[in-house]
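This report concerns only the one structure given below.
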C-alpha cells in the first residue's frame, strides 16, 4: 500500500532524562534522519527534545503528538516541524505508537513503559535502548522485545523491523 | 510563542461529497497552500481528498489524522505528506480541530457539524463554505460563525482569524 | 443481545443553563428514572446536574462520564451514582453518546451541538428539547432530528427510538 | 471530596487467561464485592469476565468500559451491571485506570502491562497478582509496585492503598 513515501519511526522516552539518555536520544534522532525516516514522538522535553534536536542536525523531519489542547498546556519542543494537539493526556501515547512503523524506547519512565506495552499490544515492533526489562508470569516479554546497545544499532534494527511490518501489513 | 513557523488550517468535510463541493474543496486546498499554511484534515476521501489534491498542486504540505489503527482500517488518501493513525474513530475529530489555527468547513455531513461544534467549544475560529446553518434556542450560532462565498474568501478569512487566534493565544 | 437489562438514555446539555432549561432537565431526569432507564451524562453542572437530581428523586440510576483525570480537575455533580474519569476533555462526548441507546439534548451550547452531531454520525437516535436548529446545505437535519415540546414527550420518544435502535442493532 | 460513596477498584487482565488466572480473577472479584467496592474493568472475557462473575456471586456492582463502539464490535461479558462504550480501542485502558481508586492486575498480557504503566504514570496505586515483573534501567519499578500472593491479600492491599489515595487526593 502506498502509505507514506518514507518510513515513520517513533521515539519514546521520558520528558526528563539523564545526561547519557540525552546523548543516546540525540544520536538516535540523528540516525533516524540519516535513514530518511520521519521521527514521530510525544513532542515534549527530555528524550523527545534531544531526539528531535538530533534529527534536525541531519535535516530530518519531526512530528510531535502533544498531550494538551494547545501550546499553553503543551509547549512543543523547539525542534518540531509539525505539531499535533490531542487534548487526550497520556491517551496520546496510542497515537504516537499507531503512527509508527516501529518504535524505539529510551529510558525508564512509566509513560515509556506504557508505550512499549501499547506497541506490543497492537503488533508494532519495538527496539529497547537502555530501557525497561519486563517479564510476564509465563516468561512473556523476554524473547518478544528487541534490544540494541547503541543508537545506530537501534535505528538499523527498527528500520529492518519496520520494513517487515510494512510488508506484512 | 515560537510554535510552528507556518499557520495550520484545518479542512473538514464529508468523505463523500457533491461535484460542486469537490471543486470548492480542491480550490480551498490550493488556496491554503498558496497562503503557505499547512493543511490538516481527517485524511479520508471526499472533501478531504479533494482539498489535499488541490494543496499538492500548489506545493502545499498535507497532514491526515486518521480514525483507524492503520492503513488497512483507514486507507489514507493519496495526497497526504504525513499520516497520523489514532484508533479513536470519530474521536479523531477533536485532534484535527485542536491542531488547527482555524478551521474551514465544507458541506453538510454530521461529522462535519461535530467538527464545527468542537472547534467553537474550544475557541478555534471556523469559516463555513456551503456548509451547515445552525441556530441555538437563544440565537447562538448566528453571529458566531463566519461564512464565505468562495474558496479564496474562506482561506483569506481563515488566515486572518488564525493570526488573531495565534496572537491572542 | 443480552446487553444491559435496562435501557440507557443520554442526557446532554451545557454546564450552565437558564432557569427554564434547569426545570426541563430536572423533569427529563425524573421521567428517565420513571421509565426505568439508566441516565448517562457528562457528569458536570447545569443541565447534567439538574437531570441527575431529577433522576434521583425518582430512584433512578445516574452515571457521569467526566472530561478530567480525577475529581480535582473534574468535580462530579452530587447526584451521580457512578463516576467514570476519562482524561479526554471534550473527547468524552463520544463516550456519553456511544453508551446511550438514545440521546436527549437540552439547550444551546456548542458542546451540546457536538454531541447531537456525533450521535447522528454514529446512528444513535436523538431527541431535541429546546435545543439547536440545524440545516445542512442540502436540507440535511430538518427531517432527521426528532423534537419534543415537553420532558415527558422527549423521554417517551427517546424510549421508543431506543427500543427500535436496540432491536435493529 | 464526596466523590463516590464506595471505593472503585479496577481489575485489569487479559481477555484470555489460564485456568489458575481464571480462579484468581474470580476470587478477586468476589473479594472486591465483599469489601463493598465497585469493580470497574475493560468489560471483556478472560480475567475481566471471571472477576465480574465472582463479584456478582457476592452481590457486587460491575462496570465495563469497552473498546468498541457498541455491542456488535465489543460484546460485553454477561456479568456487567453497567456498560460504557468508548470507540477508542486500547485507548479505553486510560479510562479504566483513571476511574479506579486502585488497580489490581492479574496475568501477563501486553494490554495489562500498559494498564499497570498508565496507572503508575497517573499516580494510581497498583497491586500485582501473578502478573508482570518490570525493572527500569535505574531500578525503577522494583520498589514502586505492590505484590500480593492471594486474591484476598490483593484486595486488602488495594483497599488500603485506595483509601490513602482518596485521602491524599
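So that you can tell them apart, the chains are marked A, B, C and D in the order they are listed, and the count of residues begins at 1 in each.
By our rule, contacts are C-beta pairs under 8 Å (C-beta built on N, C-alpha and C of every residue); 3 or more make two chains touch, one makes a residue touch a chain.
Keep in mind the model is a prediction, meaning the values are calculated, not measured.
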Where chain B and chain C overlap in contact partners, by chain label: A, D
Rotational angle, Cα trace of chain C fitted to chain D, multiple of 5°: 180
Result of counting contacting C-beta pairs for A-C and A-B, higher pair: A-B
Interchain centroid distance [CA atoms averaged], chain A/chain B, Å: 28
Distance from the mean Cα position of chain C to that of chain A, given in whole angstrom: 39
Multi-chain contact residues (two or more partners), chain C: 69, 87-91, 94, 122
Complex contact set, residues of chain B against chain C: 18, 88-91, 94, 107-111, 113-114, 116-118, 120-122, 130-138, 140-141
Contact footprint of chain B on chain D as seen in their complex: 69, 87-91
Residues of chain C defined as touching chain D within the complex: 1-4, 8, 38, 40, 61, 63, 65, 69-72, 75-76, 78, 80-88, 94-95, 98-99, 122, 169
